[in-house]
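Below, each structure is written out as structure tokens.
There are two complexes below, and they share chain A, which is joined by chain B in the first and by chain C in the second.
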Partner chain A sequence: MWSTYPNDQVLPAKFWGCSGMRHDVVVIGAGLAGLTAGIRLAQEGLDVAMFATGHGALPLAPAVVDVLGYAPDRVESPRVALPSFVAQHPEHPYACLSMGVLAASLDWFKELVTPLGYTGSLERNLLLPTALGGLRPTLLAPETMAAGDLGGGGEVLIVGIASYRDFYPKLVAQNLTASAPADGRRIVARAVEVALAGDPRDLRPQLLSRRLEEPAVRSDLARSIRAELGSEAAVGIPAVLGLERSHEVWTDLQRWLERPVFEIPTIPPSLPGQRLQSLLTQLFRSFGGRLQIGNTVLGGQGANGVLESVTVAQASREISVSAGHFLLATGGVGTGGIVVDRKGIPREAVLGLPVTLAGSPSEVNPEYFGPQPVDRIGLAVDERLRPLGDDLGHLFSNLHAAGATLAGAEPWKEKSGHGISLATGFAAAAAILEERG
Partner chain B sequence: MSTEALAPFEVRSSLDHCIKCTVCESSCPVAAVTPLFPGPKTVGPQAERFRAGDHSPDLSVDYCSGCGICTRVCPQGVRIAEINSRARAEMKVERGIPMRDQILARPGYMGKAGRPVAPLFNWALANPVVRLLGERIVGVHRKAPVPLAASRSFSYWAGRRRRFLAPRRVVYFHGCSTQHFEPEVGKKVVAVLEHNGFQVLIPKQDCCGLPLQSNGIFGAARRYVERLATQLSVPGTEGLPVIASSTSCGLMLKKEALEILGVEDGHLAEISKRTYDLFEFLLELHERGELRTDFQPVPLTVAYHAPCQQQNQLIGKPALDLLRLVPALRLVEMDRLCCGIAGTYGTKREKYDIAMRVGEPLFADIKTASPDLVACDSETCRWQIAKATGVTAVHPLEVLYRAYGGS
Partner chain C sequence: MALSQIETDLLVIGGGSTGAGVAWDAALRGLHVTLVDRGDLATGTTGRFHGLLHSGGRYVVKDPSSARECASENLILRRVAADCIEDTGGLFVTTPVDDPAYADRFVEGCGAADIPVEEITVGAALAREPRLNPRISRAFVVPDASIDAWKTVWACVRGATARGAKVLPYHQVMSLTMTADAVTGAYLRDARSGEQLRVRARCTVNAAGAWSRRVAELAGCEVGVVPGKGIMIAMNHRVVNTVVNRCTMPGDGDIIVPIRTVSVIGTTDIPVSDPDHIDPTREEIAEMMEAGEALVPGFSQGRALRVWAGARPLFPKTTGKQVSDTREVTRSHSVLDHEALDGVGNFLTITGGKFTTFRLMAKDALDLAARKLDLSAECTTATVPLPDSESKRFYWIGARQEEMEHEAPDDPLICECELVSRGDLQAALARRSDWQLDDLRRALRIGMGPCQGGFCAFRVAATLHRDGQYDRLAANHALGAFVEERWKGVKLISWGDQLRQTRLDQWIFQGILDVEHLPK
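This part shows the complex of A and B:
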């Protein structure tokens, strides 16, 4: 009934999907590096589109910002330790940055996430308890964790909640008591476990944190803790103190217990990480950024040293998205930013860029905590964070990289992961802004 | 990963990429509100390893709403929601499918049965006694949002109107909701497309099978979607864009029938590549400078919620982009994941409360924004939001229609 029109007037399906979508900047990856750069650029009024296969590591990570914790001994002051660390590791991402940029990124971040009350400075690392009761040298911590700084030693009560079975207060307390924060300082930690009335045997942290957002439930928790309190100066509790209302939950507990309360990071998922992620994505959107989670970027098209567009997968089609600048913030081997093929050859996953410091990635050092060839793999970049080719020239004049995609760091050993993501994301945004003039 | 749909064995084997990172658990809107659902990782990549035989080790997968957020946020490309949909279907085969689910899965029957006696039918659906009996006997929650039957179907209207002829043509896939419950949406879709110079072809069409699929009735769902694919491939429409105004049904054609049901029908694979969500299509027109923007001011505050199934098309929020062009319109983006209803999930007696708790943050944000209208691309979400907030919920197309001078 509608074949009266010739088929050459049919819109070819392929024509659709090749849209004219163009942005100032396309960011690939939505972890801390991508969000930092995306927010910085959107704050300056740029049209920024962010595509990511899925969430980055933010919702699993403890939400503290490590800058430099070990080099290789425990670092007390990153400002003091960094110059010699960088001199010894010229291939490290920090070597592309000045101390001024690093400090500026930390100040910018603290102000950006004001609702979470981050504190700390480059002068001195905090020593915060980990999920297992180790001491983590870290630089910035949200308000709910900062009182856990045990660098000066002290007497603390470690509280477990019976229905939250992935937290082990005795283990935390024993490890803290056995640890050495500083010369002549001691930590005395005691563990107790309290139960919340009406809780089932096993409650996941998402549910528990929401329950604690109800005033009656947290006052019940405070009552149970008070009954156990001795002479301890502060109270440590697993990081489940609410999601959207963590400030209220934490403030109430401190008031009712009449002493500082600090959250101790948990094994994943991480509520403090989810709070940070949700604030950063809200901020990105509020500055006009567009965020698409679930879209894998499959590749790119460029000519004459300029990357023109990337190919983005949708549910049943691919589209081409062009931009003036691109930022790769896809993470390292762990999050799929760097892939190793069946022959053991590593490459950057989206554009197939060459990687450096690969060693022989299929080889494994039998010494488990020793240096592993796979650890430091990543992109080599110039001083503007542009990925370099094998001839050490930059590959595309408008392509930058940030975060764990960069070569040269061993974040888990150095305690430098979020610091690298934040500082390089910030610096990449600055480079893009400068190039745009 | 590419845009090619995964074969059934590839969907299942994607669980080998799971590194147990818990990103899906922390994004799951259902696990966040009830201990009855232990989360997508637990019932999916973890429990799947124990489903090798024909026995379901874990019944909690029935509490998965099928919103698909877990697959979307997974950084490793695991098809968590798809794996869980299949596990749920197998469990239901094993345990028997309740009559309630058989009824909810066939909205067309309800629409057809109600149409000749629409006033009586709609009165009955609004009657608390009838609804209480419906909850006791059938298991549909007495407070659950249900659509009202239209006294004339959309196809009745479409078949009797003067045809608008134009060289550029599109196929309109209107879906059951437009056909039986909200024919006005379909009329406005046609008006907007014609206003932009398109001839709108409306082949006879039946249900895409999505409600059957989400209720675990896979055999019938496959037959339905294959039938629809044939209906939408009428000779003379080869290569034309297929425009879906029901966003969940559009996703069914684009991906779900291929990856969840494993349909290997050639028509479907071809149609999935040229199926467009309505606003995806309109935004592309605009980006190419081919959309008429003779918009009149619409002095309203509209809260826009992007539904899960539209987000799972991975096309961003095209309605938001386009409606931003309308003068005097105050658009408020709702930054929440899910309204809770998930098709028929939230209408069920044992899941109603869960669905309402899932939607709670969205409802609260809507009330804070106190808009004149809520705009949302999915019909069941509109019904849920309207019922929960008391604010009229419309397809964003209705706002665009007004901007074009329609009333």
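This part shows the complex of A and C:
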């Protein structure tokens, strides 16, 4: 019998409550990787239970799907750049995947989240403005952001909302105007700050988005923008255009302004991220999946190379949950999937699996923007995305891992984060489906 | 092109607490003062101390004369610098690792130094500070407090400026001008513009603290100051609300000071040769985290926000002696009259001492300078309150929140950790036009909270651009530079929850804002 409690919890002699609960698949973690795999498996009719401590990084992230933005120069076409990138980075999660699987995961995702209208393809990165006015390469963007693709240059008006502290249109416009999207292309950006009627106290993104869901408020905003509009072909605005009704808010603004409108992602929290998370969790549940947030998985029990069950901490008790397959999608250091102790020693937080590419996280790079050893630490996996032990054999035949828990990527530098989560979540689901026959 | 010239009575070199105190004292005595520092004010030892306003208790056994000075200065600063002080009170506790016999010597020493001390029961101490080690055997209450070094320095400087003083941060002294037997002023270089200027002064005070040896050398004088390195770690909240000290001979990591929203553990004491190279080491950090366990069990599991080191200006009174243990050097200060010592007139060095006694140091230096300048005005800093301390109300932890409730409703918060609003930022910008982001950090505390600038750095840089202080490139550069600067204090404590915070910040700067690829 193999048992692990990395948090030093003592295994209770007898579980209270629902011991004996069994599912086809248990997914640990409710971020993009976990939800992707969970939805994929539930779509195929499997009984999937998902346990997570919190909501992960999705509601904080800009909701664009990066695949490969820098390698290390700006990547024009991920399809062209990926083969040599993978050859140079054999430890990268993409090395476990074929181009076909990556492309299939992107197509599946676009189809799945139709209400958010994602566009983009592996052939060419979009170049979307950041909240500082940089041009950031990404692959898929929701409909509310797509018109911000300035890869071909163009003339845009950047609109800020006075008293909203996370968006400064003048800096965005000046940086954009100084940017070089491609040979011979130019961006001409102009800034304007408009006031929104009503209580201006500390306009937080959630509050702003709620207010813009009221037709009267957004028509006021449109009127203020119209008064400032010149010959610009499109209008950029911080990503606060509603939560549940973002399509309506965005459509109205485009109609009233008679030109494309695009959202520019902000620092956290992210409304587009919350929209995507909300849609994905709804979809997971609609396919029969069970999602339990606030349920931390403490450890697992297995024998003979098979993981049999995990122990889950619920509000007032611990339960044992068994399953045919398990997927670990708890994220990296940032979301707590991997923890580093005071001596600089990293470990996988739930099952205590061995972590690779640790180098030594204590060897920090004194240059903030340089490569940091901690960027790349994570789990090494086989070609079926099963975590490897120190002897390089897989630990459990029925345990897979996906997303930021995997070793080998520098997602923020490469601009590959959501792409890795989506593609490996998709591939892990495919592996599980195949193993079930 | 003619060199800019400044005529002044008193040139003060060094913009830490001592120099600022000298400027304030001199201005009150009616002198025209020029205060210069090679960097921003309070960026040397002053801006790097733990924030403890000593009751004197720490020195009662080891250094009784320093203890007496601390005790009387503590009382004076409470009267004249209330706005800079939080009256936390202090506890000395005998932990299981401390010699129980020390406590009686401590009480006796407090009596001799006129430090009010009261023994309370262990139960009462734990009721007051529930996270204290329950295995302490004795506990004593003393009037320790926490004091904000930056507020104190700025208050002195504001008061001096209002009385005609000229304050020149980022001005390095390139050379001292001299006649055959006296210093007559200095050549300065503006570190930012490269411009040179000349100051003619009737008297020059070297208040460069741990750097005073270098300044004295410019006049061919020797000052045997020994920089003593001390490291400090800020924890992400108030582990205690009272200053807690181990009741033992001063050692490493035996004080925890609650200040503003954090608590700071300190410190070490290691003689170093160069006060500019005092980076903390991993071993020192590990020892400090462990040392906290004696006072607060579980301390080492807490979230460390930032680590840094300061260089004390230790001045062994017996000159020529090799200093191997800087803890043995008195914390009292010395005023050196270079006319008597080296035959160089109109030049003084004030060194040694500690933050708690900065006012007394300034007074002693000025008393000597006044004699040289034939000035009869007496020191009044013990009775004239510093600007903003006139009401004699102590700062308290809810003060900022209280202020905010009265602020304009359209004034967004740009730093949630330290409750700094756009209005606060704009008011600071109106006071001075040449801010670096790191100066604003010291002025407003932006970037000092748990996120270490992750959220506010972008807002501040962009606001400076929005309001016309920075052009595009300056804003982009300032953001990157600020983040690099913050990294210095975080990189060595990258573990646990603070590492997660670091990852979130990196994700914001690199993943979302893509700061590295902004147009040149």
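To be clear about the criterion, the second predicted complex is superposed on the first by the 417 of 437 C-alpha atoms of A that agree within 3 Å, B and C clash if a C-alpha of one lies under 4 Å from a C-alpha of the other, contacts with A are read in each partner's own complex, and residues count from 1 in each chain.
Following the convention adopted for this analysis, contacts are C-beta pairs under 8 Å (C-beta built on N, C-alpha and C of every residue); 3 or more make two chains touch, one makes a residue touch a chain.
Every value quoted in this text rests on a predicted model; they were computed, and no experiment measured them.
K.L.:
After the superposition on A, what does A:Lys415 contact: first (chain B), second (chain C), both or neither?
P.N.:
A:Lys415 contacts chain C only, not chain B.
K.L.:
In the superposed arrangement, which partner chain does A:Val306 touch: chain B (first), chain C (second), both, or neither?
P.N.:
Neither partner.
K.L.:
With the two structures laid over each other on chain A, which partner does A:Pro268 touch: chain B (first), chain C (second), both, or neither?
P.N.:
It touches chain B and chain C both.
K.L.:
For A:Val80 in the superposed arrangement: first (chain B), second (chain C), both or neither?
P.N.:
Neither partner.
K.L.:
After lining up the shared chain so the two structures overlap, which partner does A:Gln314 touch, if you call chain B first and chain C second: first, second, both or neither?
P.N.:
first
K.L.:
Which of the two partners, first being chain B and second being chain C, lies in contact with A:Gly336: first, second, both, or neither?
P.N.:
both
K.L.:
Report for A:Ala233: first if it touches chain B alone, second if chain C alone, otherwise both or neither.
P.N.:
Neither: A:Ala233 stays clear of chain B and chain C.
K.L.:
If we overlay the two complexes on their shared chain A, which of chain B and chain C does A:Leu203 touch? Say first, second, both or neither.
P.N.:
Touch partners of A:Leu203: chain B and chain C.
K.L.:
Under the contact rule defined above, give the chain A residues that sit at the interface with chain B and also at the interface with chain C.
P.N.:
The overlap between the chain B and chain C interfaces on chain A comprises residues 57, 60, 200, 202-203, 268, 334-336.
K.L.:
Under the definition above, what is the set of chain B residues touching chain A in their complex?
P.N.:
1-3, 5, 19, 21-23, 25-28, 31-35, 38-39, 71-77, 165, 167-170, 199, 201, 235-241, 251, 254-255, 272-276, 281, 283-284, 287-289, 311-317, 333, 335
K.L.:
For the complex, give me every residue of chain C touching chain A.
P.N.:
282, 286, 289, 300, 409-414, 422, 455, 458-459, 462-463, 465-466, 472, 475-476, 479-480, 483-484, 487-488, 491-492, 494-496, 499-500, 503-504, 506-520
K.L.:
Residue numbers of chain A touching chain B in their complex, please.
P.N.:
1-5, 7, 9-13, 16-17, 19-21, 52-57, 59-60, 200, 202-204, 206-207, 210, 268-270, 274, 282, 285, 290, 292-296, 298, 313-318, 334-336
K.L.:
For the complex, which residues does chain A have touching chain C?
P.N.:
57, 60-62, 70, 74, 130-136, 162-166, 168, 170-171, 174-175, 178-180, 199-203, 265-268, 332-336, 339-344, 361-362, 364-369, 372, 374, 411-413, 415, 417
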